[in-house]
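Two complexes are shown next, each including chain A; its partner changes from chain B in the first to chain C in the second.
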Partner chain A sequence: MSGLSLPTSSGTEERLVTTSIWTIALLVCGVFLWIVSDVVLNGLAGLSISYLVEAPAQGGRAGGILPILVSTLSILAVALIAAIPLGLGTAILLAEFTRRGGTFPTVVARSLDVLAAVPSIVFGLFGNAFFCVWLGLGYSILAGGLTLACMVLPILIRSLEAAFRAIPDEYRLAAAALGMSRTRTTLSVLLPQAAPGLVVGLVLGVGRVLAETAALLFTSGYVDRMPESWLDSGRSLSIHIFDLAMNVPGGEPNAYTSALVLIVMLLLINGAAAWGADRWVRRATGTS
Partner chain B sequence: MSLSSVDGRVLWLLRLMGAASCALVVLILFFLISDSIPALRELGPRLVHDESWHPRELAANGTYGMLPIVIGSLTVTLGAIALAAPLGLGSAIFCQFYAPRPVATVYRRLVELLAGIPSVVYGFWGLAILAPLIAEVLRPPGHSMFAGILVVAVMILPTIALISESALAAVPRATVMGAAALGMGRWSILRSIVLPSARGGILTATILGVARAVGETMAVVMVCGNIVKVPGSVFDSVRTLTANIALEMGYSLGTHRSALFVSGLLLLLTAIGLTLLVAWVERRDPLNGGGGTRG
Partner chain C sequence: MKKERPVTSEEKKEPEAACCSPEPSCAPSPEPVAEDCCLPDPGLAPGCCRMTAEGVSVHYGRKKVIEDVSLAMAPGRITAIIGPSGCGKSTFLSTLNRMSDLVPGCAVTGDVRLEGESIFAPGTDLIALRRRIGMIFQKPNPFPLSIRRNIHLPLREAGTRDRETLDGITERVLRSVGLWDEVSDRLDSSAHALSGGQQQRLCIARAVALDPDVLLFDEPCSALDPISSAVVEELIASLRRQYTVVIVTHNMAQARRIAESVAVFWVQGGTGRLIEQGDLEEVFEGTTNPIVQDYIRGGRG
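Right, the complex of A and B next:
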């Protein structure tokens, strides 16, 4: 935590360093305000209800983003449905069923470190080769969502694991004293206790999926029509911004509006996570 | 605690899931290698020696010199890290030792928000605002290595700031207060006590920053201009490995597609190398090597 008050001594070097540190902080704030105000001011101009409920026209220059929102949420749904069971299972394995430092958990943890460091464009290549070509899914919402499921898995597992590790051992010991099996303990004691932490982890994953572009370029594709099945190509909001900015002359105003919609979605989700984490901490400190 | 027979079966199920999560790394490696093999076999050293990058479906019809693109990736990464590492560390020091408590809280929240902005939005800002500004004030064309370095630096700064900060926070308070009691100034304490003990964590933060910069795609493809040529100055257009994949993968076939997988494999191996490097730093400096990397 911050707020350590150290003596402010006078020497020239000290003053020089203090000035540069404050300058850096102001610079970072300035860049942040510059980017955010640019997107908000330019994005608000085109934002309306009709923008959210209409289909795009003229390559996105006119109309709205309804099919794109539907595709984005479908990709998100696929990613979560695939990643949650696997992530939760692995997190429970690491936190509750193995000893820290054993060979198997170490191997799993190291692989997850590597997975977390893989650039998203490489996930895109893998998704294209494995889901689109080898499994024959083609450019589709299913292929895009599954690719993103692989991508969020390490973040998901780590935050879900942290949620379990945060539960005091008294719960486990009390459950064991009552003769409950470990499976029963996990299901009826630990899972409810960890729930708020699990939600926070989930929300982090959702944020990553919504922000992702590169991994979707050649897995879910560019098609901006309303998707009719999981095997249809669907354009995510992030790809819509990319396409409008790069490939559509005159697409800039609507790229701003789409960027604003994306940022607002992420902020709402982040806010919900912060709120959830706060409530969790309060509940944890209140009850134990 | 002993395991009942139900637990035994559940444990096997969970082990299966854990193994599946691990297997994903192997699967990714397998598919990247197997799709790289045709290009590696047909082109081999041509990937380095060919004069230019004009890939075709059939190996004989095209040229596949990847060197300018590799140089593009390296220069953008080095430039971005040279900017973002000092600024990120400065940010972390500001939060921990210079800002009054309420300011530090707000500032940290702001850096976290900066970390949450999608890369495509950074790229769009660079494309719409930064590149034209560079073209006007400094030198055209604006869509340049310089724009790429600036945008990537802004993007990786939060990563470096947040991880370095947790490394600084891990330095024992008693040591810091002891030095203050001896009458040392703020900067002397930082320079001679805090920074040396947080070295491992700061190094980890920088390596993770490098990893993000090498792998960044969207922001780079939008602001760098993407011409395949060894850049003569920072104001020249440049193409990185990631941008190359993003631009060409959609229509590539045959040897061309396989050559793109070679560049993906190169990125993957770089990422694995950097992960191993972080693990090595953490082992050498267990006290505060990891900083905030382990949730």
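Right, the complex of A and C next:
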């Protein structure tokens, strides 16, 4: 909403529109609150320190989720380590090193939009064929993370590219007039300005990674033991929730508790991303 | 805002910082100094470079924007380019440091020479060229970085790494634009927190830090309030004899106050042309061109 208080008329139309807008907004908030409160109310009872530091027992009905947390974070780490440099590089190439409106960036951008809309199960099949079989990684955290990196890349690139394009040309002109190379300009002047785009891309990407189930069934598998290397199979939290809710009789209370952990983890990671980006921007711009 | 003191000569550029010495490419031309040169000025900083445009025409795609502009910009002098909007003044200015290269579809013919050497010669190092020919834009455009880093960054890129040297240069150039006393206690805060006039002076300091030979100003005061504008104008006037200055301005009174040479651009047949050039007095008092007479009279009123 803008900060202006525009004049309102007292007509029926005005009241109708106002009521509708508020109703829709309350509905959206209501659904969100319903989901969160459902998860919190049903999941909080099972949450304890031991739940976080113990291995699951009896197919997840008892015990904790430590190996699953480790697998989830490992898959996330692999996905981000692969996706962030590739995403940054591609976004910089598209926004800074190709001619605007040219054929190449347009074709790449359209392809990315299509990729972003591809169902995750298709990425799962691709990841299984390419990473697990062709590259011989088998069902592993590495294969799962790399598959998710492919899924996250389109979102990350597009939001970073938009952030770079939103930076006014005056900085590029100023840098050129000062005899600065395009590379230095991009790294020292433009990149800190694109940080908000990186955060948006990361928040969306991390959300997608943590929520992913289908693609991981094909790539990282669902073994719930503690993984010993990147090449071990590992079960992610979302798969654990799916398994408890669908395949394990009496697994529902723990499914709720795992869901609660997942939501809290998502919020913590997003908060950390925003905080980290802010710290980095302060350092990169030399402002204290 | 604080009123600035004019810069004293001791604070100005040190003699060893001559603009033409460090690079072999900018050694003085072997030819004798061109014929239209004024006599060497005793107060001239040793590195001041002569710049000449010879038959410069610019096309944006098919559209011809300026045609056949030949103009000599004498070393250490302030040359003002005046004329109505859309007559190609800024376009012409952007050919002088080849910023025109950055505009898609922009083609320049003719030649621009800096101390006799063509800046359009094949293999010209654009990065080195733009360090020699600084440019200040209409809208102040400091980087969204700290004040300190705004000055350090281009210097580092030019090869100065030592922190003490960098800080020394920073203090010197900020003093030379009268900004030191205003910002010395907040060098690490964002340059965007400064006022418009302070930002523009920071941009001038940033350009001066690279120790250029020529400074190009593209209507540097037109986005500023009258008080800041006066401060910046005074600063530009103080750069005389230290740098060859070319300034595009809409403001006839400003041209009259600070310029020594004047070039008048005009649109004829849809294309910008140079219709009058010469010393300030010559153009403002003695022109016989009726268009120029009218324009100057209009600008006075």
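Here are a few things to note about the model shown:
Throughout what follows, the second predicted complex is superposed on the first by the 230 of 288 C-alpha atoms of A that agree within 3 Å, B and C clash if a C-alpha of one lies under 4 Å from a C-alpha of the other, contacts with A are read in each partner's own complex, and residues count from 1 in each chain.
As a working rule, a contact is a pair of C-beta atoms (placed from the backbone, for glycine too) under 8 Å apart; a residue touches a chain by one contact, two chains touch by 3 or more.
Quick caveat: nothing in here was measured; it's all calculated off a predicted structure.
Taking chain A as the reference chain, the count of touched residues is higher for B when chain B and chain C are set side by side. Legend: residue contacts after superposition of the two complexes on their common chain; A:119 is shown touching chain B, with no touch to chain C. After overlaying the two complexes on the shared chain, residue contacts for A:81 are found with neither chain B nor chain C. Of the two partner chains, neither chain B nor chain C is touched by A:41. In the superposition on chain A, contact of A:158 is made with chain B only, not with chain C.
Within the superposed three-chain model, A:174 lies in touch with chain C and out of touch with chain B [touch as defined at top]. In the superposed pair of complexes, A:14 makes contact with chain B only, with no contact to chain C.
Applying the stated contact rule after C-alpha superposition, one finds that A:24 touches chain B and leaves chain C untouched. Overlap of the chain B and chain C contact sets on chain A: residues 176, 181, 184. Interface of chain A with chain B (complex): residues 1-4, 6-9, 11, 13-14, 17-18, 20-22, 24-25, 27-29, 31-32, 34-35, 38-39, 85-87, 89-90, 92-94, 97, 104-105, 107-108, 110-115, 117-126, 128-130, 134, 150, 153, 157-159, 161-162, 172, 176, 181-184, 207, 210-214, 217-218, 238-239, 241-242, 245-246, 252, 255-256, 259, 262-263, 266-267, 270. Those residues of chain B whose C-beta lies close enough to touch chain A in the complex are 1, 3-4, 6-7, 10-11, 13-15, 17-22, 24-25, 27-28, 31-32, 34-35, 86-87, 90-91, 93-101, 104-105, 107-108, 110-111, 113-114, 116-125, 127-129, 154, 157, 161, 169, 173, 176, 180, 183-190, 211, 214-218, 221-222, 242, 245-246, 249-250, 260-261, 264, 267-268, 271-272, 274-275, 278-279, 294-295. By the touch rule above, chain A contacts chain C in their complex via residues 99, 170-171, 173-181, 184, 188-189, 192-193, 285-288. Put simply, chain C touches chain A in their complex at residues 97, 99, 102, 104, 126-131, 134-135, 137, 139, 141-146, 148-149, 152-154, 157-158, 188-190, 203, 206-207, 210.
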